[in-house]
Amino acid sequence: MKIGFIGLGIMGSRMAANLQKHGHSLVVFNRTREKAQPLVGEGAKWADSPAALATQVEVIFTMLAHPDAVEEAALGKDGLLRHLGPDKMWIDCSTVNPSFSRKMAAEAKAQGVDFLGAPVTGSKGQAELAKLTFWVGGKTSDLETCRPLLECMGNKIIHCGGPGTGAALKMVMNQLLGTAMAAFAEGLVFGESLGLSREVLFEALLGSPAAAPFLAVKRERIESGNYEPADFPLRWLQKDLHLAALSAYEIGAAMPLTNAAKEVYCLAIRDGRGSEDFSAIYDFLARSQDVHPMENEHHNDPEAFSSHPRGAIDSHHL
Amino acid sequence: MKIGFIGLGIMGSRMAANLQKHGHSLVVFNRTREKAQPLVGEGAKWADSPAALATQVEVIFTMLAHPDAVEEAALGKDGLLRHLGPDKMWIDCSTVNPSFSRKMAAEAKAQGVDFLGAPVTGSKGQAELAKLTFWVGGKTSDLETCRPLLECMGNKIIHCGGPGTGAALKMVMNQLLGTAMAAFAEGLVFGESLGLSREVLFEALLGSPAAAPFLAVKRERIESGNYEPADFPLRWLQKDLHLAALSAYEIGAAMPLTNAAKEVYCLAIRDGRGSEDFSAIYDFLARSQDVHPMENEHHNDPEAFSSHPRGAIDSHHL
Amino acid sequence: MKIGFIGLGIMGSRMAANLQKHGHSLVVFNRTREKAQPLVGEGAKWADSPAALATQVEVIFTMLAHPDAVEEAALGKDGLLRHLGPDKMWIDCSTVNPSFSRKMAAEAKAQGVDFLGAPVTGSKGQAELAKLTFWVGGKTSDLETCRPLLECMGNKIIHCGGPGTGAALKMVMNQLLGTAMAAFAEGLVFGESLGLSREVLFEALLGSPAAAPFLAVKRERIESGNYEPADFPLRWLQKDLHLAALSAYEIGAAMPLTNAAKEVYCLAIRDGRGSEDFSAIYDFLARSQDVHPMENEHHNDPEAFSSHPRGAIDSHHL
Amino acid sequence: MKIGFIGLGIMGSRMAANLQKHGHSLVVFNRTREKAQPLVGEGAKWADSPAALATQVEVIFTMLAHPDAVEEAALGKDGLLRHLGPDKMWIDCSTVNPSFSRKMAAEAKAQGVDFLGAPVTGSKGQAELAKLTFWVGGKTSDLETCRPLLECMGNKIIHCGGPGTGAALKMVMNQLLGTAMAAFAEGLVFGESLGLSREVLFEALLGSPAAAPFLAVKRERIESGNYEPADFPLRWLQKDLHLAALSAYEIGAAMPLTNAAKEVYCLAIRDGRGSEDFSAIYDFLARSQDVHPMENEHHNDPEAFSSHPRGAIDSHHL
């Protein structure tokens, strides 16, 4: 079966190569042609446009940077949709927002094209090893048709529901990452201020039922204080929290913690941490220039949990 | 009528002097005796302890720095309560928390002493000009008995209710100050980022129905960037927000904004702004070291309010 | 001078009538023609489309419900912009977001048309009495040209800066309203829980430097518990807070309190208060179904501010 | 070696029984004597007071409900400390706050008594099976001396540091639980609103790196909607978050998410969910009485992520 692949970036090139390894013959297109060479060297055919590609294949994968690029490739002049023809299949693996994915599903349907939105999670390395996870939104029958192809690139294929649900699930996942990281950072700074060593805290918390497993991966960064290069830049995570807050608004869901996290990360970005790994939120919360904090008066005071009436001195005379 | 006055600090000394000006003969006590000299020079009698003072007067005012000091003066060895005797009156003008004031009321009652909790608001200057406001918690009849004395020192006497209510009202007042200042600071930074000049913002907002009147007083600080010396140190306001959050917990009241404000001020304290005026929260929110904020991409972009799908690029590949 | 007026709703019809009263001859268009009758009865001329209207006038006012409607009237088929011609003037009084207003300014410029974005604040009654406030974004020279016209409809004309700044300022204003209302509601519930009467709280807080003036207008609603009909539906305010949070994200401004307020209002909407006046946030925070709150244990406890070690009993056995 | 055990409640009785099973001879005391019968039946000796008990043993364990009870047993009349004598050991397993534990350490030291604060985590069942975790604060040498005794009752003995650190660590643990539960509840409600089935969400999130392991235990409750009886009442968790916020204030640590979580749980308590399991926060966030949410306009709108300029209609006319 002839397969088209559009978008040969860090992830896409590796995914396409895995399809090729499984003996599928590819027709490929990419904005910058050079990136196609390795695949072409292995026998892939180059097409000069999404439209040209569409005329030669039964299935098209798109793996592009953002919805703009997907819309251009699908609906722009030389777009694929008008040339793919009925009963062919388009699988968009790009990371887009749920509503955009629903929109593409509608456009495809209008052309009689079957559509799956299937964003992935996984690193560059996992892409190479065909160990990606696919979060699939679309018709079950379409997924079953494509499953063998997805299994060339990933080892977890999860059907989330109708169009847009794959993107939705990924958004929830990142909302959990962002809140868990910030809450853990709060707990670490808090515990250290209470006299616990960072090592004791890590030993006790990581692997405990209370801490998300991914936090263990951040231990080394926090211990070394090295947040560059970023696995996941703080700025990007904050944008995902923003997108979650945005779509939560649109459906009327309340997310007080998620919004609070969004704002703490925003303050960290203003403090210059935006391009560091998002675990740098710990460092942002930990650093203190306060030389004589009244608060610390009580630090070694057995009454530290009392109402420390001294507080009352502070009430204000307008 | 002989009046005792304990606590001759910045506020107390001025309050006592106003009683004296109205011809009341005073017996005074203060931890450091020197502070009593001006009053003694005008005919006040010195007492060596609260107890010694209590035996000579019908009414005692206390104006002390915090509940610890009040408790010591009232219940400590040489405390006033056991020596004041029945049907005498104790008026505590110190700033204490509501529950502490209720506790003192109970201790006084046990000795047959009438008690009023009457914290004040007003500046040093207003204390001098007898223009303080008294927030009185206690029996109406007791307040009426003392009103003439309070009117020697203040021009607004507000009966808030039973014991502790004066302190409670003051706490609400400072909770409003703290949230209004922080929310206004957010609005200013936001408006300036949207291209509005600070002057236009001040002109439009100050004096509008949407802005608390006290904010006008902060304009000069914000324009000059001079937050020293502090009228009301940021650290103290944050402590009041903490005390409000603490007592809100105890009565089961939800205060999400107040708690959010408490935390922003806490971050500002860690950033070294604790001893500056609380309006420095503007400067804390305004300062940004972010050199290439992805966010600013959109600053002059007519689509700045669009969903900037570019956002999607940021979704994370775990 | 011939003036075109598009959008004859509650506000627009009154604004147009005021222009007419000042002797300006109008050409009017509205989606539903009936609404034009009163003006036509007074001599205004009807046009069948924005385009038709544009050919007959030097200045056009638009007062439409939302940016979609403005875009349609300006750029749609039979849109005004292509027919208004160079050196004519378009003043959009609709409430739109800053970036949309900047976009219209750009479109107008492309046609050689001068443009002002001039959203208004003020009630139906103030529209009738020509007491609106105009928040104007655009060129000073253009504003001066139009000032006499604006003065037929409003008594406060504020030049905020370049295109979009009028809309930006209005957004800040509503952000202040929303945070002030929610923080005041927190304070009221808190104070009442501490034993203060609502009347004492209103007397002490309203008119104090700590409370925004508009809050006085909400007293009657809160005392009567009547939040219908809404002056400003809670749902709309929450949407303004959302739009503020959205644009704050895009310019990288941190707004923790504004976001916290957005979420409390969201919870109130889910609780069914969305179409009530936004002051219903008080009622949302005040209502409690908790029959035996552990918190209240401490309510009349003199130690209420102590660390109430009883708290420790609650620490969890996983 | 003779061991004293004070506090024979749900946990204490099981812990004491495990010491007995290992052949240690016990002297026991409990406020209500009956609870001692099973242990006495197995050969334990009854003492009429902590003081009487102290004279007969080398080591004392206390497992009491709260710091008040501990203070009474240690320092009250017939308290243990004055009668235990030098070089004996006191191990407090009660859950207390860090500063209280530091205070007991100081009191013990003054009597020449060695002290360990060793709060436990684990269920009733784990207490029975000697599978508790001990979080130990105190001297290493003291811990090593007692380790064999602790190993009769638990299988994880963690030395956290000096006095109070055990309690501190437990507080961080519960802060993580509370924030993770609330953030996960937000994500679930959000995901379901976006059209994801609860089952898909659980399958995808539970066991993913982004979700704390304990959340899997809550799945059944959330699916069944049965939050009674509570494993950990929401009210207790909220109190732990409050205690964390309280002590964070005292040491000057910023905890915006923790405070936001505290307030959401507070709203849930006011809504009547206080005595349900803390996972009921999901149900609190999920329930909506909003019949015609403007927000839902966009629910099935492919533009749902656009800036939905319609929003602008909501900007307010003061």
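By letter and in written order, the chains are A, B, C and D; residue numbering begins at 1 in each of them.
Here is the rule we use: a contact is a pair of C-beta atoms (placed from the backbone, for glycine too) under 8 Å apart; a residue touches a chain by one contact, two chains touch by 3 or more.
Remember, predicted model here, so these are calculated numbers, not experimental data.
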Taking each chain's C-alpha mean as its centre, the one farthest from chain B: A
Chain pair, A-D or C-D, that carries the greater number of C-beta contacts: A-D
Whole-Å gap separating chain A and chain D, where each centre is the average of the chain's CA atoms: 34
Gap in Å, rounded to a whole number, between the CA centres of chain D and chain B: 35
Chain centre separation (chain C, chain D; CA means) in Å: 47
Per-residue overlap in chain B, given as positions that touch at least 2 other chains: 97, 99-100, 171, 173-174, 177, 209-210, 214, 239, 242-243, 246, 249, 252-256, 259-260, 263-264, 267, 269-270, 288, 290, 293, 295, 305-307, 309, 318
Residue numbers on chain D that touch chain C, as the complex places them: 11, 65-68, 94-97, 99-100, 119-124, 133, 167, 170-171, 173-174, 177, 214, 232, 235-237, 239-240, 242-243, 246, 256, 260, 267, 269-272, 274-275, 287-295, 307, 309-318
Chain A residues touching chain C - in the complex, by the definition given at the top: 209-210, 239, 242, 245-246, 249, 252-256, 259-260, 262-264, 266-267, 269-270, 305-307, 309, 318
Chain C - residues contacting chain B, complex: 97-100, 102-103, 106, 135, 158-162, 164-165, 168-169, 171-177, 179-180, 182-184, 186-191, 193-197, 200-201, 203-205, 208-214, 217, 243-244, 246-261, 263-264, 285, 288, 290, 293, 295-296, 298-306, 308
